[in-house]
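As written, the chains take the letters A, B, C, D and E, and residue 1 is the first residue of each chain.
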Amino acid sequence: MSALELCNLSRQFDGLTAVDDVSFSVNPGKITGLIGPNGAGKTTVVNLISGFLLPTRGCIHLYGEDISRIEPAHVARKGIARTFQNIRLLKEASVLDNVVSGFHRHERSSWWSSLFGTPAARQETSEFREQAAELLSRFNMLQFANLPAGNLSYGHQRRVEMMRALATQPRLLLLDEPVAGMNDREADALGEIFKRLAKDGLAILLIEHNMRFVMSLCEELHVLDAGRLIASGEPYAVRAQAAVVAAYLGG
Amino acid sequence: MSNFILGHLSLFELVLVCSILGYSQYIVLRAGVFSMATAGFASIGAYTAALLSVRIDSPLWVGLLAAATIGALAGAILAWPLARLRGVFQAIATLAFVQIVISIGLYWESMTGGALGLNGIPKLVHFGHLLLVMSMVLYVLITLSRTGIGRAFDIIRQDETVAVSLGISVVKYQRLAFVLSGVLGGLGGGLMAYRNYSLVPEDFGFPLLISALSFVVLGGRIAVFGPLVGALILTLLPELARPLADYRLAVNGVLMLLAIIYWPYGVVDTLSLHWRQRRAVRTQVEARS
Amino acid sequence: MLILDGLATSYGRIQAVRHASLHVEPGELIALIGPNGAGKSSLLNTISGLLKPVAGSVRFFDQDITGWRADQVARAGLLQVPEGRQVLGPLTVEENLLLGRQALAGRKPNHQLADVYALFPILRERHRQKAGTLSGGEQQMLAIGRALMGGPRLLILDEPSLGLAPIIVNQVFEALQTLRHSGLTILLVEQNASLALASSNRAYVMEHGRTVLEGPSESLRHDPRIIRHYLPSIETTP
Amino acid sequence: MLAQQLLNGLVTGSTYALFALGFTLVFGVLHVLNLAHGAIFMAGAFAGLYAVTAAELPLYLAFLIAMLSGGLVSVAVDWLALRPLRQRGSSEFAAIISSLGIAQVLMSAGQAISQTQIMRFPFGTFPVVIYEFWGVRISLLQAAILGLSLLLAFTLLLFLFRTDFGRRVRAVAISERTSSLLGIRPNIVYFQTFFISGALAGAAGVIIGLAFNSVHFLMGEPFLLKAFVVIVLGGLGSIGGALIGGVMLGLIQTIAVSYLSSSLSDAIIYSLLFCILLIRPTGLFGKLHIETRVVRS
Amino acid sequence: MKKNLLSLASIFTLAVPALLGTAQAQEVVVGVPISSSGIFAFANLPARNGITLAAEEVAKSGELGPLKIKLLIEDTNSDKNQAVNLVNRFINTNKAVLILGSTSTVEAQAYLPIAQSKKIPALTQASGDVAVIGDWIFKANAAPAKIMESLALRYIKDYQPKRVAYIFNRDNESYIQQKDGVKGRFEQVGAKTLLEETIVGTDTDFSALVTKVAAQNIDTLVISTTGEVTANIIIQARQAGLPSSVRIVATPSAGSHQFLKVGGAAVEGVIFTSDYFIGNPSKLNQEFVSAYKKKYGIEPDNFAAIGYTVFKTAAAAIKSAGPDYSPESIRKGLAGIKNLPTILGNGSLTQTTARTPAYDGVVLTVRDGKFVPL
């Protein structure tokens, strides 16, 4: 079963069609790329998948379950995690707290036990902190645990955002231009991490302009132009198509 | 010495009542809701408690429980529309709520006594009761801060989009914050009623709203002890600065101004931030060595 | 025409730029490359007055402009196209361009509205549209056009390729070449090191807040240190 | 009586609009609710009053002095309370608190100066002439209020949308940083904006003081509360909206007083405000921002 | 056991000042919480002036012999919480044996129960009917509602009102009671109430309201609010076309200087009653007016006059309480005030068993810009 399946997805804004009849799927264990010129509708697709926008037509299935009409927080709880184009961390909170915040989806204690401090609620909190610390050490960031996240360098902040997304233990990871503003060497280091995650069975949808990066990671590539899918398939084949060259890559 | 304590006991009572109203304001701000409804909740709670005691002679704890419950109810009803609003619009809508409560208090004479207010309310609340209530409030707020609700509030306050992307239902948590604010506001109002002998609708107007806000601003918006410290400073200050009595308004204003400009996180948060950074630097040094 | 000498800037507690020295001569297109967090953007922001230097000096033509406010720097003819375009979204394209003239301060304009429209014809088509409704590429063109309206003596660009499709990146860089050939001096910060080195005539490398390397772009492209740290590790062109 | 009441509503509404103009201008440019606007309005009225009573100046001069003082006080408010926050990039919350703080300082000064007395312009400061058409009475002062609020709103609109100055103001409103890169000096624009806002408040202070025969250190508070309603009706930051919102509020209030109950007029107005916010979360004519997206669109 | 301890403590606290008193020159502490800032300041500042002036006169006259009155006047900021704190402090820390109160009934309702429960006498000029709180609470002035009733009776006799409209301040209990006093008497004689409209203290724009009033065919308009606002409503009503044949009845607060200044020609013929009339020719009043003018540079209004009376009444009570000056004997002194010469009403003040003084108000009207008896 594919992890994510978009079928005939459309979205209009005041009569303008931003996304027009788009269908493709994302499979577990693979990195799927989505590229296209600015204004082609990539961000709208991301917002549709993550539930911030309602589709005008079409459906979105997550492991066979229709998620196209449920509210965004609920979508996230279904197991979709994302990173943001410009990093969004809780800058004043410590690195550890940022990662702990990713565990929200797995909270089991009720509001009552949280308000009155039952042992179960306290237990849960300390478990989350331990798990977050483990994640930090896996990414070799344990020494920054108590530092405010805003004080870290750009590359480290990207990693914290990544760890937060992973803390939700997602079934699908949306990466929105994760290497924007990085040079090729830095991008490649991050790419290695993505590859490892995919190998562990995660489904990843990557939106990115850095063609070199996209080509080196993706096993499948979709190209969006003016809201429509103009090409899909194996990356090198897609890159060779005339329509893609004309709309996106240029001469 | 005992005379001094006796003479100022009512002052410390006031500090505690004020802090509970401060906490009503604190809890919404912590969840990123820009509500100013505390004064309205307090009004509703105070009238509930006072009427119960004056009309049917109900005991202290029943009155306070009723005040908190009705505050929660008001919070829950308000939360439904208000969770849809953002930023200054939330502030304006809650300001309107406070005005509506005052207007009704003045108009509904048969119930509230209109501008005459309710008088001859027995003084049921004493320092001991207040200490007890305050410790319960602090206990709940501290546990809340250390568990899931506090985490969710902190994330929502800092970045709603991130909160949603992590599966936190912003609307649901902000409603919770409204209800908690209603409970604390109602409770604070009930305590006010049982301490002040009399109530008039305008006890719960603009000045109260500003005080509740300034306790939180001066004390701190994140650390649990912030509003208590804020209320302590702002309530004791006028007593200590008696010679400045005629310029009290100005002193208060200057203090608010200085606080928000120079200690933007409030007294307690600034101190705890400082302490945390020092600790972080220390652990880093240890990690390196 | 622009000389930086030992420039340093702090960002709160973090020292973003430690020691930067460079010079730009008339007619050059200079590229500044380096890893993330090396202080490239902070350096540009210090030159254009958005950040205050803590040490060193900036000279522009015959003036010491160290510590000038951003608007003063702009009116002196040193214009920056900021990172992420920063067009004024609620204003129309034409209003954005007209606002560019604020930097003229009595200097003679070297680009009129018509010249900008000739350089980027798409802007003429969209001149009544709100700038915020343009696509990323069009916004980048608008941002450059707007800077041209201010009669730049030196144009500084911060990451002009950021978030743009390859086809748009090509268009933007072609326009930069056109401008350079018309005699405009350009200083460019760019992550995409191969693109930056290919389009500039001289380049600086910045690391940890310091300018560490300098040379003609052509020779830097073959410098093993550059290849190892900045150019792609995997060659994907078939 | 209906016609007369509608006219009353129109005049009352114009005073609200007059007050709200400067308030909404500052919001439009800085995105902060300047809660000191009521105190600036009071300061302008005081200045105008003392110019007439103490310095015995003619009304038009007093009016200019009121505008000048309002403008200067407003600039001082910005300088002391809002500028430091801007430099730190603080939230809208911080600006509300600090403007509230400085409002208290100003009100305290007003209290000390006036000894809490309600003051008024002497008789004959503005000629009492009453016209009557078809049974509707309008005084010269009422007509002047109507005319002046329209004039000021349109001048302001022209300024903002037809001049280089206006373009600068709107640029800074969108991004101070980008504007400064374009060669605009944001502090000058803020200075001008606050001065104009304060001058408008000063003008409103004198006119309202004259119209309702009362100048008082607390006179700003009720108008500030009404201004919230006005801007929700008209859209935050919209100059035309302030005019429309003011007049709407004036009419609603007058109708409420004359056909319902004067005791409930406040409750009615604020309930209305509340309901509008329920239906249109950003005000009646406010733009629906796509950014407010926690609730799905 | 607990009761014993308490009484022991009370004996101790009572004994200490008495002991100290005999050791040195005798001194009684009088606490005065007064709202000299905030929204009630307009009434309390003149009241404070009156109290201060009276205190100076009493000290100078030597009528209390070696006894000194230590007057603690402190600001409540128009906030009843602060008033409560102050009164607690006056009684517990400063050992005050008498509390003189502010004009605000809202504050008085909050702090008078403290005086009552601690058995410390309090004499207040709060306008509301607060003496009902208990037997330790005394009023220094007649309840305005009562004075308004006598005004209504006089008005009925002279003008036989038939169709009446009322405008009153809905956020001030005192003005509601004053309105009710008049309305009750009017309705007793069959006058019809055509309209009852309300305002709040901060209102300034009455155009809609007065247009509505002017459209009714009334013969009498009763306005119950502060002096300045009353004047303001009258001006706007006349401009809105209220016929000059409609008579206007106002409250004692019209007896202020401000009322004439604000109202000008428009308030000619307004009928009201007052505790105090500045033109009262009695020697006592003439001396008061000139002393007040000399000290403060302005003319006294009725708040100032009542403040002055508060202290004079207190001084008389303290004098008769000697030699022990305990709260109990001061209370007896207050209760026993009889035919005390005063600048208020008919010039003679006697405390009734309801702990509220009896003196008649003076019915006044405005003629040629001056207050004259009707």
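Simple rule for what comes next: contacts are C-beta pairs under 8 Å (C-beta built on N, C-alpha and C of every residue); 3 or more make two chains touch, one makes a residue touch a chain.
This is a predicted model, so every value here is computed, not measured.
Common neighbours of chain B and chain E, by the contact definition above: D. Ranking every chain by how far its Cα centroid lies from the centroid of chain A, the top place goes to E. Among the pairs D-E and C-D, the greater number of C-beta contacts is found at D-E. Centre-to-centre, using mean CA coordinates, chain A is 47 Å away from chain D. Each chain gets a centre from the mean of its Cα atoms; for chain A and chain E, those two points are 73 Å apart.
Centre-to-centre separation of chain A and chain C, using mean CA positions: 31 Å. We define each chain's centre as the mean of its Cα atoms; on that basis chain C and chain E are separated by 75 Å. Contact of a single residue of chain D with at least two other chains is seen at positions 111, 221, 263, 266, 293-294. In chain B, 106-107, 161, 164, 170, 246-249 are the positions where the chain touches two or more neighbouring chains simultaneously. Per the touch definition, chain B reaches chain A in the complex via residues 139-140, 142-144, 146-149, 151-152, 154-155, 158-159, 161-170, 172, 176, 273, 276-277, 279-280, 283-284, 287-288.
Listing the residues of chain A that touch chain B in their complex gives 50, 52, 71-74, 76-77, 81-82, 84, 88-94, 97, 100-102, 104-105, 107, 109, 111, 113-117, 121-122, 124-125, 142-148, 164, 168. Across the complex, chain D is touched by residues 48-50, 69-71, 74-75, 79-80, 82, 86-91, 95, 98-100, 102-105, 146, 150 of chain C. Taken in their complex, chain B has these residues touching chain E: 3-4, 6-11, 14, 106-107, 114-117, 119-120, 123, 195-198, 200-203, 207, 238-239, 242, 245-249. Interface residues of chain A, counted against chain C in their complex, comprise 35-40, 85, 151, 153-155, 177, 180-186, 188, 209, 211-212, 215-216, 236, 247-251.
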